[in-house]
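Below are two complexes that have subunit A in common, paired first with subunit B and then with subunit C.
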Partner chain A sequence: MKSLTAATPEAGSTLKRNRFWIKAFQQRYLYMMSLPFVVWIFVFSYVPIWGWLTAFQNYKPKDSILDQEWVGFDNFIELFQDERFYLVLRNTLAMSTMGLLVGFTVPVIFALLLNEMKGQFFKRSVQTISYLPHFVSWVVVAGLVYKMLSTDGGAVNQLLMWLNIIDQPIQFMAKGNLFWGIVTASDLWKEVGWNSIIFLAAMAGIDPELYEASTVDGAGRFRKMWHITLPGIRTTFMVLFILSIGHLISIGFEKQFLLGNPLVSDYSEVSDLYALKYGIQMSRYSYGTAIGIVNSIVSILLVFIANGIYKRVTKETVI
Partner chain B sequence: MKASKTKAASLFMIGTLLVAAGCSDRLDFDRSNSFDVPSKKDLTPVTITFASGDNNPLWDDMQSEVGKLITEKTGISIKAQFPGNDTDTDMFARMVASNEYPDMVSAKVSVGKLKDAGALIDLTPLIDAHAPNIKKLYGEYMKRLRWSNDDHGIYVLPTAPVNQTYFKAGSGFELQHAVLKELGYPQIKTVKDFEHALKTYYNKHKTTADGQPIIPLSLNGGEWQFLISVTNPAVAATGASDDGEFYIDQDTYEAKLHYLRPEEKEYFRWLNHMHDIGLLDPESFVQKVGQYRAKIASGRVLGLIDADWDFAGEVAALKKEGKIDQTYAHFPVTLNESFKRHDFQSTGYLAGIGISITKSAKDPVRIIQFLDYLASDEGQVLVNWGIEGKHYKVENGTRVIPEDISKMKFNDNWNFRKTTGVDMYRFGPSYGDGVKDPTGNYYTPVFPEQIQKEYTQEDRETLAAYKVKSYKDLWPSEKEFTVKPWGSAWTINMETGSEANIIFQQCEAIVKKRITQAILSKPEQFDAIWDDFMKELEKAGVEKLNEAYTKLVKDRVKLWNE
Partner chain C sequence: MQGVVQKNIGDKIFDLFIYVFMTVVAIVTLYPFLNVLAISFNDSVDTVRGGLTIYPREFTLKNYETIFGFEGLVTGFKNSVIRTVVGTAIGVVAASMMAYTLSRPDFQARRWMSVMFALTMYFSGGLIPGFLLMKHLGLIGTFSVYIIPALLSVWNVFVIRSYIDGLPYALQESAKIDGASDWTIFWRIIFPLCQPVLATVALFIAVGHWNSWFDTYLFNNRSPENTTLQFELMKVLLSTQTGSDYRDPNAQQAMAAVSPESIKMAITIVVTVPILLVYPFLQKYFVKGMTLGAVKS
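Now for the complex of A and B:
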């Protein structure tokens, strides 16, 4: 009896280990396919982290990185004492939060509507037209936005005046309180088609039998959308949503740089633009690196917090 | 004009200027000392790489007529790199970060960064041994090429023309000839005169002949040209000289940010008034340069306050379309009659922005000899006039431009420059306008008789009405002012990353935001906004900045004059 009891746990653990390697072997082609991307991420995202050393130095390019003057946390102290840092942080988070909310809800709605189309030709035409702006550069889009919103023959002002809603053109690009909205709307226009593709693909993957079964149970079109289509893409949505939260602070600065001007600078300066202007452009590489580190830490925290909340609420996890 | 273009670009980037007082690189010095003096010039074909801080969409890869001749004479061909859609500071910042440089650079305001990174070689021994024409060209001003009081090495050969006489009045306030003609060529001396002319014409004309809405006055205020079109005119209209963002007291050499002058507040109050009565284009501070220029090219803008190099392309477009009456006359407008325009106050020789040779150059001797050829009498005439018999002729000992070449030059200037190469190679040392060569002719084609030849019929009528031969005659002469011993302050560098530099950057951001707000606000709010502006500058540390800059000005006076 004793010997039988003693043997059981040992055999169990051996079995578990064997099962993992068997599974890994069976999935070896999947691992090989993903290997280049893992290597790519490692080389371009993890290897350069040694450069963070410069944030603790007063870095000058003429000397080797190990021959620099060490300054401890001076760059971080200066950063947190600069009131502009908090302004650009506010702007960055505000615009990216707006972009996140709009950038996830509208593509889903758009994909949902497209998914309900029966006519394939119309559906494909709309889809193709809607994702083309994704391939146009922000330089061109910014030019279009300026022309549309201009007081000098701009389409928006012409329309509003024609409808007698206003009697003088509104200078949209000069109003700071509208800047975040303009950026969000133009980014939405540019990316909604492209972002909806993945949701359309997820919807196409839902088992048609679920819809047939619900028909038998008397569900109409909207109930099907609400109870079958949306729950069906929830996993895809949440994965993308949570990972996007990690990008809240590193949205780049192209949109803000091209659409901004002196009148709206209190609203248009973002953290990457701040790092460029007060770091690299002033040869203050260490300070710029410190800004980058702070951004990275905030991003990581945001992802883990978001994933933690999701896990607590749904018992599922993304990471 | 090249000098103005260089000046303008510098103004924008003044916040990132820097100076390092490091020792000369011993290796470079040793290498320089070891050069042998060749008995005759080496003409072996060599390609050198060159990065220019100024974009040049017309760059011809030395395939133009002049370019080919230069290659034939020197053996040198150039592979050039330009910022493109980038900014020059970003381009050079990446070079510093990677520690990789082309052979030759025109780094403009980034030169201090390259110097600080040890990228530039000291040119003093090269000039002494291999560049007699360069030495002759700079002459007594050679000491102005020294880097600093602590480092007398020469790292930049300035492109500012030597002994320049300014015959053209390219800045000031501009009005369309059509406006002047209709109003009977009124006196245009003060901002009130300017305003009155615009108002009177605009009351009668709301659209152009093409049916497009007329804009009385538009400023180029949406990008870095804000400095040229919005803030520099405040300095000029209130009787001060152009020292970039600073005003320098002539007697004490004390520097201060020029916005602190009470006279300038009144200039901006006038702009506020212009906006209030609907004469100032409300898009002035939002429009990008492309939009601004499109308005000018359509002939809709009656008045400008800008430098002519900033809208020269658009004026050329108007001429090409035959809309000569929609091109512009220039006036030395002041805030009121108590002020006198100092545009032509002499700076002596304005060393500063120029061309450098980097440590990457394999054969610096060949490069300095190349630049020395361009600085020779033959080279100067070639780059400025072109090829004799082709682009100009010598008649009775006088250089003249044939009528057909002259027409092509002024009506189709871009194509002219691209195919001929004239004006393409002025990136090294050069003689200024008005300087004569040993034959008694001018080195450059900019001299009084030639300028008058270039005027359109509308220009002639306007000038005749004001009883002058050129627009410059409307301005006070340089003889009325003393020479500025510091040159011009926009060429003085602040040390990168220094406290003063950081404060300056902060002040520039405040200036841009607050002045724009002040101009676009209701008149009754102007004073409150201006007071807030002054308080913000104080809070940002403008007093420290002024103090630090004063020291730099005094150092400059010492370096250039002792």
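Now for the complex of A and C:
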């Protein structure tokens, strides 16, 4: 009796284990299709997290990560004592906030106006043209921006001179105080059409009966835009907005790298460029990693703050 | 529904405003490209006089002849084409395969694999640990650094998966009853049915590969045989901005003879045109694809 009760669960578990292996064998093709990618994602996405340890070390590439000299928070202390770091943080936050505000409002207005257009052919053409810059690289865009803003024959300077707004060409790329604006404007030029797609899609999903009902009620065009179209895309807008706040600090560095030059570096250097400069070009890997970690922490904090505000306002949550 | 109400003056002015505004948007978007195109076909000595707008004043192909004599550019072009074609083909197959296994409700490992993939969308190791990883894997200075680390995009996997979820599962079940293996079901049924979403994903991957320059800068700046077109353009652009010299001695000579401006513009066109040729054909797919993404997320 005793042996019987003891044996049953064991038999049960071996049976279960057997069933697992039988099923696994039946699904062997599914395993073959997915396991290589699981290994891949482990190596390329999870192993680098392990590399965060280097921030607490004095990392020398020749030894393994476990045989390094541990220095505790020294790298972070040095980072927080560096004045340049605060400048870089200011630039990052300034450019990403500007990008966030302009990069959301303008595509919405653009989509709203496109949505009001009736000529299908013209509408399509404008849309197709507006997507175009999204597909070219930042290298190309930087080249175009330099060309358009140049002092000899740049289109912008010529236009401003022709309109008598200025009488001397402006050296746009040499003025630090203009850099944030130039980056934001270039980004807008590149992405406005592309970013409007999602809002246009949301607008297309609004129930046409709402418009008909409001027409019957005597609502004009602007009332319809204000009371139906805009509220109709509110959810899409908010979700995208909160998600981009999370990327506020990780805005990347392509634009800043390509558009910046030594004359404007006080305004153009952002956190990733800073990490690149110290971490790779000067081989101070531990210090560079510490910059990356501080970045991620600020980024996560920003998402939580944004989500908290959103929750307060709407009683809903996005994350 | 608009016709029900008579149009008033305000509406007409607003319509006019929209048309004017959209025309301005179109001009502002297109002008820089046309300007660059015009300069690239214009005689370089004449270009210096300035005042070129959207058509060449003295037409010539000299600028293009010159840049195709640059060794770096030709190698870069070849590498960019190869990495785009290979990277896109592998990327599409990889992402759809992974998406298929994650979409199978009866797959044992589905849950933990989904979690493992989803988590990577929220955090990453960052620039330096990523660089050190490439170093340890011996990928620096190789062509595979363009392909292997970019093999899969988790975002693409989830986009394709949500598309597969929309397909009727009965298709797979009936195939299974007919004796098809999971492998056959994927290749013969799921893969062909996913065409619209795969076209979108392929475009994204291809654009990413074609436009990328930073990986060349970071991992391959000391191996000229692995250069890419975007990186070559970047070198030319930055060299003339800061006044330092472009390293290729061939190029230096040519630039002295032609004028760096014309060279820059001709290279810009060579870099831009291939991608612009592709996108109008895929436009209908990506608009749909983006909409799908919007609904799901």
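The rule is short, and it goes like this: the second predicted complex is superposed on the first by the 271 of 319 C-alpha atoms of A that agree within 3 Å, B and C clash if a C-alpha of one lies under 4 Å from a C-alpha of the other, contacts with A are read in each partner's own complex, and residues count from 1 in each chain.
The working rule: a residue touches a chain if its C-beta (ideal position, glycine included) is under 8 Å from a C-beta of that chain, and two chains touch if they have at least 3 such contacts.
Everything numeric in this text was worked out from a predicted model, so none of it was measured.
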Legend entry - Touching partner for A:K60 - first (subunit B), second (subunit C), both, neither: first
Legend entry - Winner by number of subunit A residues touched, once subunit B and subunit C are compared: C
Legend entry - Partner chain(s) touched by A:T236 [first = subunit B, second = subunit C, both, neither]: second
Inset, instruction - Applying the touch criterion given at the start, work out whether A:Y285 contacts subunit B, subunit C, both or neither, answering first, second, both or neither. - result: both
Inset, instruction - Pick one for A:T105: touches subunit B only (first), subunit C only (second), both, or neither. - result: neither
Legend entry - subunit B versus subunit C as contact partner of A:Y146, first or second or both or neither: both
Inset, instruction - Report for A:Y211: first if it touches subunit B alone, second if subunit C alone, otherwise both or neither. - result: second
Inset, instruction - With the two complexes superposed on chain A, say which partner A:N18 touches: subunit B (first), subunit C (second), both, or neither. - result: neither
Inset, instruction - Share the list of subunit A residues that count as touching for subunit B in one structure and for subunit C in the other. - result: 61, 139, 143, 146, 152-153, 173, 261-262, 280, 285
Legend entry - List of subunit A residues in touch with subunit B within their complex: 60-62, 84, 139, 143, 146, 150-153, 171, 173-174, 261-263, 265-266, 277-278, 280-285
Legend entry - List of subunit A residues in touch with subunit C within their complex: 20, 23-24, 27, 29-34, 37-38, 40-52, 54, 61, 110, 113-114, 116-119, 122, 125-126, 128-133, 135-140, 142-144, 146-148, 152-153, 155, 173, 189, 192-193, 197-198, 201-202, 208, 211-212, 215, 220-221, 236, 239, 254, 258, 261-262, 272, 275-276, 279-280, 285, 288-289, 292-293, 295-296
Legend entry - Contact set on subunit C toward subunit A in their complex: 1-2, 4-5, 10-11, 14-15, 18-19, 21-22, 25-26, 28-33, 35-36, 50-52, 94, 97-98, 100-102, 104, 106-109, 113, 116-117, 120, 123-133, 135, 137, 149, 151-152, 154, 181-183, 186, 207, 210-214, 218, 230, 233-234, 237-238, 241-242, 264-265, 268, 271-272, 275-276, 279-280, 283, 287, 290-291, 293-295, 297
Legend entry - Residue ranges of subunit B in contact with subunit A within the complex: 15-16, 18, 85, 89-90, 93, 96-97, 99, 113, 116-118, 213, 215, 221-222, 226, 281-283, 285-288, 290-291, 295, 496-497, 501-502, 505-506, 509, 512-513, 516-517, 520
